[in-house]
Amino acid sequence: MSQNNASPARPSQRQADQLRDVKITRNYTKHAEGSVLVEFGDTKVICTASVEENIPRFLKGSGRGWVTAEYGMLPRSTGSRMDREAARGKQSGRTQEIQRLIGRSLRAAIDMNLLGENTIKIDCDVIQADGGTRTASITGGCVALADAINAMLERGIIKSSPLKQMIASVSVGIYKGEPVLDLDYPEDSSADTDMNVVMTEAGKFIEVQGTAEDGAYSFDELQAMIRLAEKGISELVDIQKQALGVSGD
Amino acid sequence: MSQNNASPARPSQRQADQLRDVKITRNYTKHAEGSVLVEFGDTKVICTASVEENIPRFLKGSGRGWVTAEYGMLPRSTGSRMDREAARGKQSGRTQEIQRLIGRSLRAAIDMNLLGENTIKIDCDVIQADGGTRTASITGGCVALADAINAMLERGIIKSSPLKQMIASVSVGIYKGEPVLDLDYPEDSSADTDMNVVMTEAGKFIEVQGTAEDGAYSFDELQAMIRLAEKGISELVDIQKQALGVSGD
Amino acid sequence: MSQNNASPARPSQRQADQLRDVKITRNYTKHAEGSVLVEFGDTKVICTASVEENIPRFLKGSGRGWVTAEYGMLPRSTGSRMDREAARGKQSGRTQEIQRLIGRSLRAAIDMNLLGENTIKIDCDVIQADGGTRTASITGGCVALADAINAMLERGIIKSSPLKQMIASVSVGIYKGEPVLDLDYPEDSSADTDMNVVMTEAGKFIEVQGTAEDGAYSFDELQAMIRLAEKGISELVDIQKQALGVSGD
Amino acid sequence: MSQNNASPARPSQRQADQLRDVKITRNYTKHAEGSVLVEFGDTKVICTASVEENIPRFLKGSGRGWVTAEYGMLPRSTGSRMDREAARGKQSGRTQEIQRLIGRSLRAAIDMNLLGENTIKIDCDVIQADGGTRTASITGGCVALADAINAMLERGIIKSSPLKQMIASVSVGIYKGEPVLDLDYPEDSSADTDMNVVMTEAGKFIEVQGTAEDGAYSFDELQAMIRLAEKGISELVDIQKQALGVSGD
Amino acid sequence: MSQNNASPARPSQRQADQLRDVKITRNYTKHAEGSVLVEFGDTKVICTASVEENIPRFLKGSGRGWVTAEYGMLPRSTGSRMDREAARGKQSGRTQEIQRLIGRSLRAAIDMNLLGENTIKIDCDVIQADGGTRTASITGGCVALADAINAMLERGIIKSSPLKQMIASVSVGIYKGEPVLDLDYPEDSSADTDMNVVMTEAGKFIEVQGTAEDGAYSFDELQAMIRLAEKGISELVDIQKQALGVSGD
Amino acid sequence: MSQNNASPARPSQRQADQLRDVKITRNYTKHAEGSVLVEFGDTKVICTASVEENIPRFLKGSGRGWVTAEYGMLPRSTGSRMDREAARGKQSGRTQEIQRLIGRSLRAAIDMNLLGENTIKIDCDVIQADGGTRTASITGGCVALADAINAMLERGIIKSSPLKQMIASVSVGIYKGEPVLDLDYPEDSSADTDMNVVMTEAGKFIEVQGTAEDGAYSFDELQAMIRLAEKGISELVDIQKQALGVSGD
């Protein structure tokens, strides 16, 4: 991590361009084809990948597969207890927005023709939230996806790997006037601007979503945030590859 | 419009940086405090702004107001009929994602302290869809919002205008390898990348949402798209101001 | 219109037996096989007819087709904003009652054997309400239905027209003690009795629904209302035929 | 019953103007303020009237009361089992249409000012269906309503009776070309036209709902059906009064 | 009934080991293959058994049948009116718990291989509640089930009877420190412990559910309650057999 | 554990009266007042206890508190992925039955008068299922409840502890003809009888729920199962107390 980018203002004492400690634990639960606990600091998400040997109706007969995602938070993953969505009888707009983002992002990792008429469902369940649950979900979810692909190869469901590239994601924002990487909850809740960036391991963009919560941001700020995201995602891809036992070089 | 940016590939024969014909008709229906028909080419959206002299519970006693939005499409606004969301019993994830975006964007137009404990609800109902319904909704919705503010001033509900700035929005994308402005449906459905940009009249960003549908995009492409969006939104703000009878200079 | 039936009491200054200005605009939106904007004075409804080449399960194999209808109101089509039914998660009893009435009425226009195993869905969406939205929906919906039939003939989906007869509808009521035709909202909301009548172009009844809101009505009043409805529907059928370019003689 | 109006065509061998056997059993269950089993031949409905000492929000402070109704069918009240609405998670359009009709009809029996700020809820639950469940519900429901009023007087909740008049209802229709009274299921399912009529004990109309299921009906047929309904309702009011121990003269 | 087990404390003056008056009326309604009104004192439940010649998807091709149950209460079956579950849009947890219990219990009466690929649905609808509605439902539901089996044999749907044994159920509890049989509502609402027992006619257990509402119970109390239940269920099986015209000896 | 009770038939090689390895990890997540990971072998449940300083409406003004529970399973906590209840829009009957059981059981641990007008909500979320999720939830939930009580004492919300006694739960069943303790999934799915028992630390019963899945069980078998449960629960209470740092003697 760079030393000369000091940001004494961050509550966590991190540098402006410094990720939280990121841990990826594979085979976290025993039933799923891929099961990962991903931790971005105090944010902890269980990501499982489930293989189903069928596809949604709109793809029948196409020879192509599908990847989709669902997202949830345990009611007390947050500072004050949230209502359980299953009990309220519907998923919030926020939940749906996030799971659509995760699904779109992870589909970019896969060659759907090589996947064949199979579906992989990624479930991201937040057991402890401290900011950045959607970016942790994408980053951990891609590792679970890679494990599920491996399981499919072992079982002979597919012949060659449809995994094109790793996908990772991080948030960036303007906190107290300064661009910072990987916002935790105290930063996120008071940031002027919050941007979630999803990139490929080759450094190209899959998704950029930047929202000014208060005020508005300039093109220069946009650029600075994106440069921070590029650095963070590069580090996250290395961590993914180490977890998977693949050389990051 | 620039002449030297020819893009013969566009199905509509438009230049790469050319908006569709945009029309804003105020007072389109008679009951709402603000009622606008906005047309981006063949995309037609009725935007109404309704004033309610109360606020959501989380703001009670704060002295501050609220702006929120809902979005819907008539079942046959599209090429093939979609199920009616009221009959299915829930709004799709896409609908919720769009109405959350419209609400966030239009809140940036308003000083909530000056609005006082009042709510303005923006309803955006698509009667004909041809791409860009969310950007048309934001652009037309802001004019309806301005009219509702005027109605509140006339009725004496508020003393001074909480309207800080106009907000407009446009889509940009990479179509056949080239950045283009204001995608219509034929372009949108085959574009590699689709980005929705929301800006203030002063040229600052409120929201940037860019998604690679197929493949991924580079930082240079991101920049090029954003520059196109800046041009388009500047023109849209002029059209908003002409519609409102305010000089755009 | 008759001159000698003066009814100075009507807020609109209309004669007791006088319709509001009725306009029917065909091809109002571009995607639907039939698309009509129908206006009964300030009541404005978009009626679209969508052709689907399949039928509900209970008709499979019967060789017969189906016509059904859905109805909705834009949230601010009314004086004060109504909750959006899609957001509330269900259609009100009133909405269901109205769409069932529209569907039953329009099925009377069609020979289901000639329609073959096809479905026509009529969507009636009120963009501005001023009384009589269900009668306007039926009257405009039948024109959209006729256009959809024409589209089916052109596309070769059917060989001969299943359109047996035009269907139109109007409301009548007892307002300030006097029978009046085609109630607008100020009349409707204070009428003692409100009756919706649906008839064929040949002057026979498809549906009569008369409700005493306050008090009760006599057989003589019932007869007088029905006679008014016959006159109004005869005029509406002429307007339908003019809109369709068919001689009303 | 008239002898000279023979209708040999009726499956039940009834005369054209003959009601089915109608029985009204009061105090059928023990908890409700009014509890009636009403039988129109094989159609059997439990009607209860429940008193609640509060009112819907829109009436708060008005000094006026409210009467409302709910309707349901036991799943196997019909020839083939219907899905349970509670299990499906919503009431059908037909159910809502019927319960709205029952509520409107029974409100005509009551002076809401004398009822005070109290609500009476009428529940009509069909335990066996053989046609005419809604007309039986209104006829039996009015007796339950009268009993609930008596209970309120006894408990001192109200000082004087708000019951203005009895309300009863019957169906009429055109069966094999002939107007007939009080259709049972075999008639109802093959009738050309079905009309439900609600009247006061004084012979005035509260509601007339006539639907041509197949074909259309003339003004003469409408008149004939209404004349039959008048006769039937007059007899039903006598039966209501006998059940209540009130002289029908 | 035993005389020497006096329990003067019971509000109903019953002995500790005394059932309420139990009545089983077959052929209560006319449409269902089995239709029973069961009365445990003032608790009255209509139990119908409906035969459907198909099975749930998970059994397709197995050659085996299925028995399932649904439960409901009329809104005013209770002392104060409950909301109608169909109107609220969902069944309560209590309802689902009870109907799952009834289904499990009645499946124990049937040999699913002999039933073949047919389903029998038991609907238990409480028209008057006074405690023990679930035990009455099981006891009456088993008689309706037996009648439905007979109807299937008569119609030739099945060749030999799949009815293995009668199933009956009763509640027991600790009321004022003493074990008592078949709690009515006044006892149930103040009992320390409430246990529902389901047994076969041979005296073996299908289900035991005992809940301490207040305090906890000892093994001796558990045994005493179960002994009471054995006695009560033995008597209930006799009543079932008498109703079915089968010798209980 | 006893040695002389060998049960070679158990897939896990456990003795008939042997619990799985049970682990209780406190402070598992950071936000909740009580947060426990409970493991019964491969069954893993996160139990959190959340304190809310208010109560349900039916207790307002009573001076008494409330304890309630909710239960969920991560979609891939099981061998094949289950639909997410939040996405389906309702909780299954099984889920509701389980969470009602957990709530009832844990209320027996608490003196509601000493709790005051506060609510403790127990969330039990299964992250890996291998049989016995409800008994693990109760056993772990009681530890989370104890921690929440401690947090309330520390914060001064309550003055003295309302915790009356520990509550624990275990399943027992008849597996291959023999009574066994603490069934895992392979046993549970093929057991003849499954019984869940909830007891106090003093060895009294809170809840007994025994279901014969196939066949029926005798009184002797019932007794044998309950004796096994007593032994298992006694051991579970010791493990709870060790986890809480309280001497089990």
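Read from first to last, the chains carry the letters A, B, C, D, E and F; within each, the first residue is number 1.
Simple rule for what comes next: a contact is a pair of C-beta atoms (placed from the backbone, for glycine too) under 8 Å apart; a residue touches a chain by one contact, two chains touch by 3 or more.
Every value quoted in this text rests on a predicted model; they were computed, and no experiment measured them.
Between the contact lists of chain E and chain F, the overlap is empty. Steps from chain C to chain F, taking the shortest chain of touch contacts, total 3.
Counted as hops between touching chains, the shortest connection from chain C to chain E is 2.
The most distant chain from chain D is A, comparing centres defined as mean Cα coordinates. Spacing of chain D relative to chain F, judged by their CA centroids, is 52 angstrom. Chain centres here are Cα averages; for chain A and chain D they lie 60 Å apart.
Residue positions 89-90 of chain F each touch two or more of the other chains.
Chain contacts in this assembly form a single closed ring in which each chain touches exactly two others. Looking at the complex, you find that chain B touches chain A at residues 90, 93-94, 96-97, 99-100, 104, 108, 195, 199-200, 202, 204-212, 215-219, 222-223, 226, 230.
Against chain E, the residues of chain D that register as touching in their complex are 29-32, 35, 42, 44, 46, 48, 50, 52, 70, 72, 74-81, 84-87, 89-91, 95, 121, 123, 125, 127-129.
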